[in-house]
Every structure is written in C-alpha cells, then in structure tokens.
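Each chain carries a letter (A, B and C) given by its place in the written order, and its residues are counted from 1.
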Amino acid sequence: MTARKPSTVAEIAQLVGAELVGDGRRAIRGPASLQEAGPDEISFLANPRYAPQLATTRAAAVVVSRGEASAREGLALLRVDDPNRAFTRIVEAFAAPSTARSPGIHPTATVHAGARVAPGASIGAGCVVEDGADIADGVVLDALVYVGRGARIGAGTRAHPGVVIGDDVRVGARCILHAGCVLGSDGYGFEPAPDFKRDGWLKIPQCGTVVVEDDVEIGANTTIDRARFGATRIGAGAKLDNLVHVAHNVVVEPRVLLVAQVGIAGSSRIGAASILAGQVGIAGHVTLAPGVRVGAQSGVNHDLAPGDYFGSPARPLRESARDQSPGKRIQALRERVAALEAKVAALTRGETGS
Amino acid sequence: MTARKPSTVAEIAQLVGAELVGDGRRAIRGPASLQEAGPDEISFLANPRYAPQLATTRAAAVVVSRGEASAREGLALLRVDDPNRAFTRIVEAFAAPSTARSPGIHPTATVHAGARVAPGASIGAGCVVEDGADIADGVVLDALVYVGRGARIGAGTRAHPGVVIGDDVRVGARCILHAGCVLGSDGYGFEPAPDFKRDGWLKIPQCGTVVVEDDVEIGANTTIDRARFGATRIGAGAKLDNLVHVAHNVVVEPRVLLVAQVGIAGSSRIGAASILAGQVGIAGHVTLAPGVRVGAQSGVNHDLAPGDYFGSPARPLRESARDQSPGKRIQALRERVAALEAKVAALTRGETGS
Amino acid sequence: MTARKPSTVAEIAQLVGAELVGDGRRAIRGPASLQEAGPDEISFLANPRYAPQLATTRAAAVVVSRGEASAREGLALLRVDDPNRAFTRIVEAFAAPSTARSPGIHPTATVHAGARVAPGASIGAGCVVEDGADIADGVVLDALVYVGRGARIGAGTRAHPGVVIGDDVRVGARCILHAGCVLGSDGYGFEPAPDFKRDGWLKIPQCGTVVVEDDVEIGANTTIDRARFGATRIGAGAKLDNLVHVAHNVVVEPRVLLVAQVGIAGSSRIGAASILAGQVGIAGHVTLAPGVRVGAQSGVNHDLAPGDYFGSPARPLRESARDQSPGKRIQALRERVAALEAKVAALTRGETGS
C-alpha cells in the first residue's frame, strides 16, 4: 500500500497524521509490543491495562491517544485519535511485500477436464479440483487444497493449504479460508433402526450443501456441515475463528463473529452482527436475534432477544450479575442466614428489643 | 435408490404411502424447509416447534403426521405415520445420483509397492499409501488421503479428502471418515524428567494403535489418539461428530453417539449406545455405563450408572433440576431469607402474633 | 534402544531391575492392560484404582510397586520403585522397530528451487516446500506436509501428514508436529468499519509470525495463529494436545502442558510449567504465573498467581470447594432457611423458650 517503508519517527508520524512529541529523528526498524520493543522500534498504547508499560518500554516511540501525558526523556509520543487504527497502518507499512501467487495451474495440481478455472486464478501445488468445479478470477488455492464436484468459488477468494471444499459447495467473492477448514462435511443426523440392538443408527441422508457468501473469513480447522436439504449458510462478512463447528442447516447471518471453538447445533440461526465469544455452545433449533452477544463458554438452549448474555444456561448479563458469581451470591446468603440464626436463637431464648 | 425422481405431489404421496389431502397435480422440484420452500417445493413438519409455519409456508405440499388438521387453500398435506422418515425418503429421491468413484489408482497417487490394494478400491488424486497397508474392495479414498504403514481399511469404507490414517491403524467395513479426521496420532503422555527444570517432560512412548470397528462414522477434523499399548477402540456403529477428541486407550463401545467438540480423556470407557451431547468433557479413567446420556457442555469426572446427567460436574438430571438453575435456586432462597429477616426484625421489636 | 526383545518374565525383570516374585520362566509376548492381558502378556499396576484387577487379571506377570503384597498362584510380580516408568521401558522393548524414513526428497514432493533442504532431511510424498524455506538435518516431513515461504524447521523435527507450517514460521529442533496441526494461520482481529451496516468488519493485518522453540510437541489438528506483529511463541519443551487453539500474540512459556481442546485468546501469557486441563478457556490479555494449574473446563478471565484453580470463572481450588459444588451449598442453605422459617413461625405464634 505504501510506496516505501518509513524509516524515522517523524516519517511515521506523518504517515498516520500524528502530533509528534519528542525526537523525530530516531531510526525505526519496525513495530513491536511495549514489552518487547527495542530502541529502534515503535509501539502503541490502546488498552489502558498496559499504561504502566509506558514507563518501562525501551521503544523509541509510542503511538498514544490525544489525551496522553507528555513524553519522558528518550521516548517520543505520537498522539492520534485512534492508536489502534494508526498502529495497524504502521504495521502494514513495515510488513513484507505481499508475494502474490502468479496465475495458472501448478503442474502437480490435478484439475479435471470438466472444471472451469478462470485464467486469473492460481491453483497451487498438489491441489485437486473435481469435475464441474468453477473457480473465478483472482482465486488463489495455495497448495494441497481440494475442491469437490460442482463447487463454485468466487472472485478473489483465497484458500490456504489443506482446505477441503466439498461437492456443490458455493463460496463467495473475497473470502479467506484458513488452513485445514472443511466446508461441506455431512451433517450429523441419525435415527435408531427399528431393531436398534442389531442395526444401530441409520444415517439420515445429508443432501443439501453449504453456501458461504462474500467477504467471509473462516478459521483454521473449522468445520461447516452441509445441510440435510437446502443449505447451511454463512452470511456476507461473517468472520469465523479457528476450530469452530457449524452444524447442518444453521444460518449464520451477515457480519456475525464466531470466536474460536464455538459450536452451533443443527438448524439454529444466529442474527446479524451477533458475537459469540470463545467456546460458546448453541443448542439446535434456536434463534438468536440480531446483535446478540454471548460471553465465553456460555451455553444457549433457547431463543435470545437482542442483548448481552452469559452463563450456562445463558442469562441476561446485568452489571450485578457480572460482579456476582454464584459462589459470591451463595456466600452473601450464607452470611445473612447465619445472622438470622443468631437472632432467632436469641428470640427463642426470650430476648427481644435491641 | 428410486428409478426416477417423482415430479408431482401425488407421485410423492404414492412414494411414501401418504394420505393425500389437497391438489396432487402440482409439480414439485425438490424438498425444502417450511420457511424457505417456494411454490414448487415440498416440505415437512416433524418438530411441533415449527407448526406455526404451516400457516405461512409457500410450499406446495407438506408432509405431516396423521393427526394434523386439514389443509388450507393451496397447501396439500401428505399425512404419514412418521413425517421425519417419510421426508428422508423424499430427500433421497430428489438427491443427485451418487457419482460413484471408479475403481483404480489415480496416476498422481503414491502407493508403495508393498501395499495391497484390492482391485475394486478407488485411490484418488494425491493419496499416499505406505508399505504394508491393506485396502479392501469397495474402499474409496477421495483425494489427498494418507494411509500409514501396515494400516488396514475394510470393505466399502470411504475416506474423504485430507483424512490421515496412521501406521497400523485398523478401520472396519462400511465406515465413513469425514475430511481432515486423524486416526492414530500419538496419545498425550509425559512424565517429569528427574531434573525437570533442565529436561522438562519426557515423552511416554505410545506404542499401541487405533481400532475402528464396522459401520462407524467419524466427523471432520476429529482426532483419535493411538493407545500407549493395546488399542484405542471405537465400537461398531458408533457415530462421532466433528472436532471430537478421543484420547489414548479410550474404549467407545458400539452405537455410541459423540456430538461435536466432545473430549474424552485417556483410558475412559463409554458404554454402549450412550449419547454425549456437544462440548461434553469426560475425565480420564472413568467408566460410563451403557445407555448413559450426558447433556451439552457437561463435565464428567467419575463413573456413571445408567441414566441422564447434566452439569459440570455432571449430576443426575431430574425434572426439578431441569427447571431450577443454580441462579433460580439462589434467587428463591434470597426471597425466603428476606421474608425471614423482615419477620425477625418485627419479632425483635417485640411484635408477635398475626 | 534394546538389542533384542526380552522373551521371559525373568528377562523382563532383569531389564527393569525388578525384584521378581514367582515363576520367571513363563514366556511373554508383549505388554497389555490388567483387564485385557492374556496368559502370555505382562501388565502393570500404577494407579491404585486398578488394584482390584490384580485378583482377576489373566496376565503372566505384573509390574508393581515395592510395597505390593505377595503374588498369588500363577501370577508373578515384578517389584520396582516406579511401575509406570518400568512399564514404559518394557513397552519400548516390545515396540516395533522404528522404521526410520530415509533421507531425500520424494519424487512427488514439490520443493521450490529457492528452498534449502539439508541432505539428511526426509521430504515425503506430496509435500510442498516453498521458496526460502530452510529445513535442517534430520527433519522428517511425513507426507502431504506444507512448508511456507521463508519458514524454518530445526534439526530432528518431525511433521506428520497434513501439517501446515505457514510463511516465515520458525520451528525449533526435535519437535513433533502431529497430523493436521496448523502453525501460522492469521490471528483473529477485526474492527468495525466506519459504516458498519454497509462495510461490516475490517481485517486487522496479521503481520507477525509463530515461533515454536525446541522440544515442543503439538497435537493433531491444533491451531496456532500468527501474531498481529512480533510472534506468537510456544516455549521450549511445551506439550500441546489435540484440537488446542492458541490465538495471536499469546506466549506459552517453556514446559507448559495444554491438554486437549484448550483455547487461549489473544495476547495472554501462560507461565512456565503451568498445566491447563482439557477444554479450559483463557480470556485475552491475562497472565498466568508460572506453575499455575487449572482444572478441566474452567474459564479464566483475570491474572492468576501461582496455585491451583477450578471453575468458570476460575477460583482457587481449596479442599472445601472441591467437596462443595454450588448445588450442595445451595441445598445446605435451603435446609438452614427451612429450619429458620419453622422457628420464626413458632416465635410469631408467641412461642418462646426451648
């Protein structure tokens, strides 16, 4: 994005439109955290939790918010409105130039004659693309990626190594599929055989597919099952972290965030722009309204109206509940009961009055 | 299974032996959910939760149970004993014809000269089969599947792309291994070195294997570790969902269901036909009786007799407990304590009698 | 390690320096658990939980601790200081000879001309090694392993099938990377676009890398994200189980154990030799002191001093807490409240005295 890397504190200040306090001439090699930065690196302070590290960092300069106090000797400050966003620009400026994959099909890739691969797509080493697959311009399949029969991948989408895209799965444009994620494994559906002891579970056919809309990011080793019929759907702009599980016929609406290790059971719907924190579990056949936020490790087994939730089973998160764990509430009750017991004992002995 | 797809409501009714109420002549293009169906699709109602959608669905026809009320204008009903099972037959009838893999070894596969591959097996693009592996008739290795030294795979088993079957692992007949699952990674076993600060953890050798019996299904990116010695065992007809972890020396007895993201620690035994819901954790060295059912996100750290369990740690599930979360029980107690406090205050002031 | 397999009870006793009580002449075919052993196998008793099986095992001999009572008819005892460690030596003695991979690059592997592969390294079938990668002597890439641009792998490290090592990731010496693990997927970082409804989440660039130090073991399908800048770090001698998630900028200090399905959110630090049991979740930006131990399924959302913790949110584990679940404590309180209610009712009716 930038023509060349900035090389001094002053150049960086100019890049992000910062008010510079301190020595702008020092050379900067790159970005680092407050704790790890050396004297030729720049850092940032966005989370107040790390404010004490301003006093001890060895960084040459730190990006801070407008209100931050003056610099100490030897530490330049770059004051900006949004330190997080400014630092992102700095990190990008120092990042290694993106080594774009050149278009074309690697000689070790296996592309079926019945597949359509746009001339601007890049199919890496060891990839396998089956009959009827349709791969648009600008798609990059890194290496060892599998694309099943009739699957379609939209323009500009990138699949990292080891991704598996099953038969008939549709992936939109500009998606990022991280290594090892699986789109289109069978949904998990069984019914007991009439003679269960002998025949066990009968498989319910999973004849649907997975539809991933545009601008979706899917984390490493995440799994998304195909629908029993119709489609499991990941809405535009949704971002899924690693090791997430999305069962058959789930609908994840646009711009939802699913943090690592979340699991969503079959046929549930997650409303637009909802955020499920790490390790949350959602039961089957429930609907979360748009904008719901669920705290880490919570379990949801019924529909949720808009709002914030926490716990297993998840309940509305109020300030009081946030401060009071079940343990604390039990302890408070215990103290009240002990006080009552003392008073009742006194009353029982015939003592009244204060 | 069916010679040709049914094309009208009446033909579908005949296929599943339904009592048809309404117009049987309408053309049907395929199955869909009540909410998503269009006027040329058929849907079903099995879960009473969705009954209100009968009034609003755009479907041409709906498969319902015998007791369901009469059809409204423009909506045909197909009354059957088991709507779920009938709809499964309909879904199958409309499914794309299964594109069977043709037998043989893809030219890009690497099959060791010391491996035995039955003539009816299909080894897909990019697969790697090591020395001494034994692959029976009707096995399908989709693509990019790895089969280790001396591993054996029974007739009719299918491994989806990216599956890893480790050295000496045995997989039975008619199994389905979904993409990215790993059978035979090392068990997780370490002991502290005599000089721990210097040498840390010493690896305990994991010399056993994994045995997967017949008719097992294993979900995408699920991992099953090899035993320290002997075998980690998945019993006949067990069905494992995605992202499940089974540690070394675990025994999963026949017809067990392990839902997504379940984790089972070492040497535990899960009794036949038990069902562990999503995200359940089982500690090491515990035994679950046959037929145990454990609710989602529960944690089990001791042996369980037959029955239903919930919570972390898991306790027997009774009706009362189901309705009373810890939070609700604490709240009820709080109200009783507040009432007592008021009464005791009154008594302390010398008031008695009603 | 041993020149040949021992073949009798006496030879095994000699191998592990055991005091032999009983018949040393019986032939031994291999090791097995107490429950599964047959009359030509040897077992061990380390966990007192299994002591009753001494009376019923069909094993020819059992390795026990020094204090164990005398053998019964037909069962030899091998008394040692540490049955677990002695049995490990026996398991190793009987293990199949390790079939070392021969050095060299398999003809089906794709190794970029700009990669450096030491002559003693073994690059298996279907592997892909990108430009600038550096692979040291003794490294074994099993098959279908991906090594990104500029990634470095230290001497003696083994990557099982399907491992993905991203661009610029550094892996130390003597590491074991189990099948399907992913090192260097993007960290999960997004910020809302100024026009969120239209543009949704903007990706925060993840320009850092992953550093895995020496002697680390990483489980199957585990994922470790690259840092936003700098490095996500796994310290020397740390051991990660299967399906673990480590987010961007996390520091796992040396000799830490992360059991299966643990998840650690961004920028947290896990102190040296800490142990996180299965399914534990750690929030972002928290620091665990060295030597912390956290019980299974616990959730940690603040810094932890050295000690043992349990629960969600995790609290110090004391003996009392271990015995008293919230349910038990609520029940105890309930009984106290009911007793109070009876007494207050009596007092309210005007009764006093005992």
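Keep in mind that, in the parts below, a contact is a pair of C-beta atoms (placed from the backbone, for glycine too) under 8 Å apart; a residue touches a chain by one contact, two chains touch by 3 or more.
Predicted model, so just to flag it, every value in this text is computed and none were measured.
Asks: Spelling it out: a chain qualifies if it touches chain A and also touches chain C; which chains qualify?
Replies: Intersection of chain A and chain C contact lists gives B.
Asks: Rotation angle, chain A onto chain B: superpose the C-alpha atoms of these two copies and give the value as a multiple of 5 degrees.
Replies: So the angle, rounded to a multiple of 5, is 120 degrees.
Asks: Just the number, please: Cα centre separation of chain B and chain C in whole Å.
Replies: Their C-alpha centroids are separated by 24 Å.
Asks: By residue number and range, which residues of chain C touch two or more other chains?
Replies: 108, 126, 144, 162, 180, 221, 243, 261, 279, 297, 312, 326, 330, 333, 337, 340, 344, 347
Asks: Please give the residue numbers of chain B that touch chain A in the complex, ascending.
Replies: Residues in contact with chain A: 30-33, 36, 47, 49, 84-85, 88, 91-92, 94-96, 99, 106, 108, 124-126, 142-144, 160-162, 176, 178-180, 215, 217, 219-221, 236-237, 239, 241-243, 254-255, 257, 259-261, 273, 278-279, 296-297, 312, 325-327, 330, 333-334, 337, 340-341, 344, 347-350.
Asks: Show which residues of chain C lie in contact with chain A when the two form their complex.
Replies: 108, 110, 126, 128, 144, 146, 148-149, 162, 164, 166, 168, 180, 182, 185-186, 188, 190-191, 196, 200-201, 203-205, 207, 221, 223, 225, 228-230, 243, 245, 247, 249, 261, 263, 265, 279, 281, 283, 285, 297, 299, 301, 311-313, 315, 326, 329-330, 333, 336-337, 340, 343-344, 347, 352-354
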